[in-house]
Amino acid sequence: MFIKNSWYVACRPDEIYGKPLGRQICGQKMVLYRGSEGQPVVLEDFCPHRGTPLSLGFVKDGNLVCGYHGLEMGCEGKTVAMPGQRVSSFPPIRTFPVIERYGFIWVWPGDLDKADPALMPTFEFFDNPQWAYGGGMYHVNAGYELMIDNLMDLSHETYVHSTSIGQPEIDETPCKTVTEGNRVITSRFMENIKAPPFWRMAMRANGLNDEASVDRWQICRFTPPSHVMIDVGVALAGKGGFDAADEDKVYCVVVDFITPESDTSHWYFWGMARKFKPNDPALTYSIREGQGKIFGEDMQMLEQQQANLLNYPSRRLLKLNIDAGGVHSRMVIERILSEQSNAADAHA
Amino acid sequence: MFIKNSWYVACRPDEIYGKPLGRQICGQKMVLYRGSEGQPVVLEDFCPHRGTPLSLGFVKDGNLVCGYHGLEMGCEGKTVAMPGQRVSSFPPIRTFPVIERYGFIWVWPGDLDKADPALMPTFEFFDNPQWAYGGGMYHVNAGYELMIDNLMDLSHETYVHSTSIGQPEIDETPCKTVTEGNRVITSRFMENIKAPPFWRMAMRANGLNDEASVDRWQICRFTPPSHVMIDVGVALAGKGGFDAADEDKVYCVVVDFITPESDTSHWYFWGMARKFKPNDPALTYSIREGQGKIFGEDMQMLEQQQANLLNYPSRRLLKLNIDAGGVHSRMVIERILSEQSNAADAHA
Amino acid sequence: MFIKNSWYVACRPDEIYGKPLGRQICGQKMVLYRGSEGQPVVLEDFCPHRGTPLSLGFVKDGNLVCGYHGLEMGCEGKTVAMPGQRVSSFPPIRTFPVIERYGFIWVWPGDLDKADPALMPTFEFFDNPQWAYGGGMYHVNAGYELMIDNLMDLSHETYVHSTSIGQPEIDETPCKTVTEGNRVITSRFMENIKAPPFWRMAMRANGLNDEASVDRWQICRFTPPSHVMIDVGVALAGKGGFDAADEDKVYCVVVDFITPESDTSHWYFWGMARKFKPNDPALTYSIREGQGKIFGEDMQMLEQQQANLLNYPSRRLLKLNIDAGGVHSRMVIERILSEQSNAADAHA
């Protein structure tokens, strides 16, 4: 079950550069391309003529031309031309609201009349010269809820990412989880510890002594439908931690946009925004390489977990304090799904 | 659903040279081989002893020896010998009527008593010294009806085969479709145009100036169960088109024998017969290479179309004038299926 | 359907050297590893915390540490520790009785209270200096019953293994099958024949003239759940055959431990014990290479047989005299399954 009335990251702009892209989002086959003004367009990936995927075609003058018999589909989902045919009575196909923002193409898979750009969340670190951003995308054969669980409980870092960002102090330090409306925040603060390898690299990049003791923080912020922003960083010990001056810390936001494909698979758009050395592209490259490797370590675990859960469908899982972030996030999702279902019933 | 009481191309002779071949046709697992007189034999691919495929065995003195325990199956589907066994009470397996003609092995997947070699259609271009023939086979993960649609509407050439046989004039010229009993014919005549690359090559091969304006024709002829013969060619403009003298034209028949494997896959035996330079094997090779590449371009489209239709099972497709060839061909198939079903009920 | 209350070979010791192994046996996902005393441990492959496979983790101080969040599972299926957690109320996971013997790890997939090491069969050729042993493992996509059929009817050697151990005299010599309680024995004795290539190699290795006429024997012994031991060998003709003096014969036992994975797949632990030149490792290597190649020849046949049987589910197979070994073995299995089912009902 997916929250359909919401904005999801659909793709990166380079994925629709010069050609249409076929992608399934929340169980819907979609085709994405740029119209005549360069604006992104999202349509159902189904030619009304003979049912071929429009994504196999090409873009001409801002219309999407079917690669089979040349039907030209307009940005409103109405056929605008076809060689030798009068097309006015051709059935329309579904269009999906779309916004280009923050370096992504966003789509609204739900009701057309409920789509509102104002419902798009604000991210202070995009389009902000004080910050730099780099990221990538993975396709993961696991339900999107398992990725939310993963990101809302960072105690797994000690085991899955033991050589980069994991350290025993994560396990040993309790986390605290709060729900504020639809937002869930789970945080952990570790004081006077040594930094693990990834953060030592970041400290050196910011001119800090990587042998120094640090205060480390992890503040995971879930917002619906499936975004997880994680404040992460280390500051020289005793300088105020998260609130330390910029020159005494390295501070990043792990950015996770999780887009369901099917009940058991999703597109994972990951990245990292940092508030130090924003004009150093080599550092951006280096961090992205490291993060890509780290997030790749999660994939086998999530995919095998999904397979095991399908194999044991009736087994109840534990909900420990460390799981509170994921558990509460799923409760928010369930409540929104229930509200959308009730609203649909009320209209029926 | 398949028309079972009909002749289908099962394989090329080289596929059963020296060894049996296992192939599924109209949902039936079959094994094909040559008997003691060299005649083709088609049996159910199931050893009555322990159920292994007989196609894993070998041919000995015209009998098919199971590769597991040496049961010898005769051409009539009756076990003729097995080491140390009396075989007279072994249950028979099903045999299928078979004919070798026109360079193919043909099988009748339906009722044994209805198989009649006289029902095999006649093709003037096979075994005729005025014609040359070359072709190949593809396995396609799409229902055979989608291939009939494809071949009975050549307006797709403009898009799928834009670099070889496609040209805008195909789209711009209306086609005409007629049904004569079980035959469907859809034709298109283009006058005073330039030839596309494939036909320029053919013109040069026949000593014609490939820059000259031409009249071009496409006459698609469907006959049940799923054969599509297409008269194609170009003549120097104003010389009579299809009826021009042989020295003023290049004239071919595209030969399409479409053999269902399952509801969503088929074997596609394609080829081209030509009525010029029949004794030029290098030209035969060159045309076959070109045609193989062109027909390969259709495969991704058909397979993705099939996948999309399975994903949208209730969606109605458009039936435009250009689709009339496929639509009428399917109506013929439906009528024959209905007649065969009624005949079966009358016997019950 | 599997006989669950029985000992099965689960793996070779080298498969759990330094790391846990995930394997499905009789439809159960299991994880195998060594505990703190080096003893083998078998648990359900399911972390009670979030359902990930424990086999993705690692062994620490004899406990199995989940690779996701560090839950430490004890050998009794009870969680012994987890960072920052009180684990006493965590639900236990299933444990499986295990024995290490004869160079294998054996598991009992059934009822814990019925597992009895005394029910493990005795094999005289293991751990016996007069014998040498070598073997390997295959994964086969066919039900384990088809492998039992294969091994209890060696007439297939003439066809499947024609270049190594097959010869026409196998087919021509009747076999005799007897059932003694739960044991089924099918035997064939061939007198005064020439040895096929594999046995010629063995004769030369044992200093015998490989051109000499021989008496050859095959005595297949099935015991539940799915073990097949086959006495095989050749003796110089007229020297007593199976009972000939060691210097006049080459005598081996083909060892087949067949472990069901699912209804249509199994793990096949094959090997050969020989009672000549036991201290010649090069000979062990050579025999294992030959046997591995021979047994590989059966795999395509069994997997295609399985596919064909799934395709023809209602077809009855023949039960000839040569099939008596497999047929009687399956009757033993059916009877034990029925007894276990009745016992379960009586408890309910």
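Per-chain residue numbering starts at 1, and chain names A, B and C are given in the order in which the chains are listed.
Operating definition for what follows: contacts are C-beta pairs under 8 Å (C-beta built on N, C-alpha and C of every residue); 3 or more make two chains touch, one makes a residue touch a chain.
Here the structure is a predicted model, which means the values were calculated and not measured.
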Considering chain A as a copy of chain B, what rotation angle in degrees (nearest 5) results from a C-alpha superposition of the former onto the latter?
120
Count the residue numbers both chain A and chain C use at their shared interface, divide by all numbers used there, and answer same if that is over half, different if under half.
different
Distance from the mean Cα position of chain C to that of chain A, given in whole angstrom
48
Each of the following residues of chain C touches two or more other chains, namely none
Touching residues on chain B, where the partner in the complex is chain C:
29, 45-46, 48-53, 56-57, 65-70, 82-85, 90-91
Quick one: which bits of chain B touch chain A in the complex? Just the residue numbers, please.
149, 153, 155-156, 158-160, 168, 171-174, 300-301, 304-305, 308-309, 311-312, 315, 317-318, 320-323
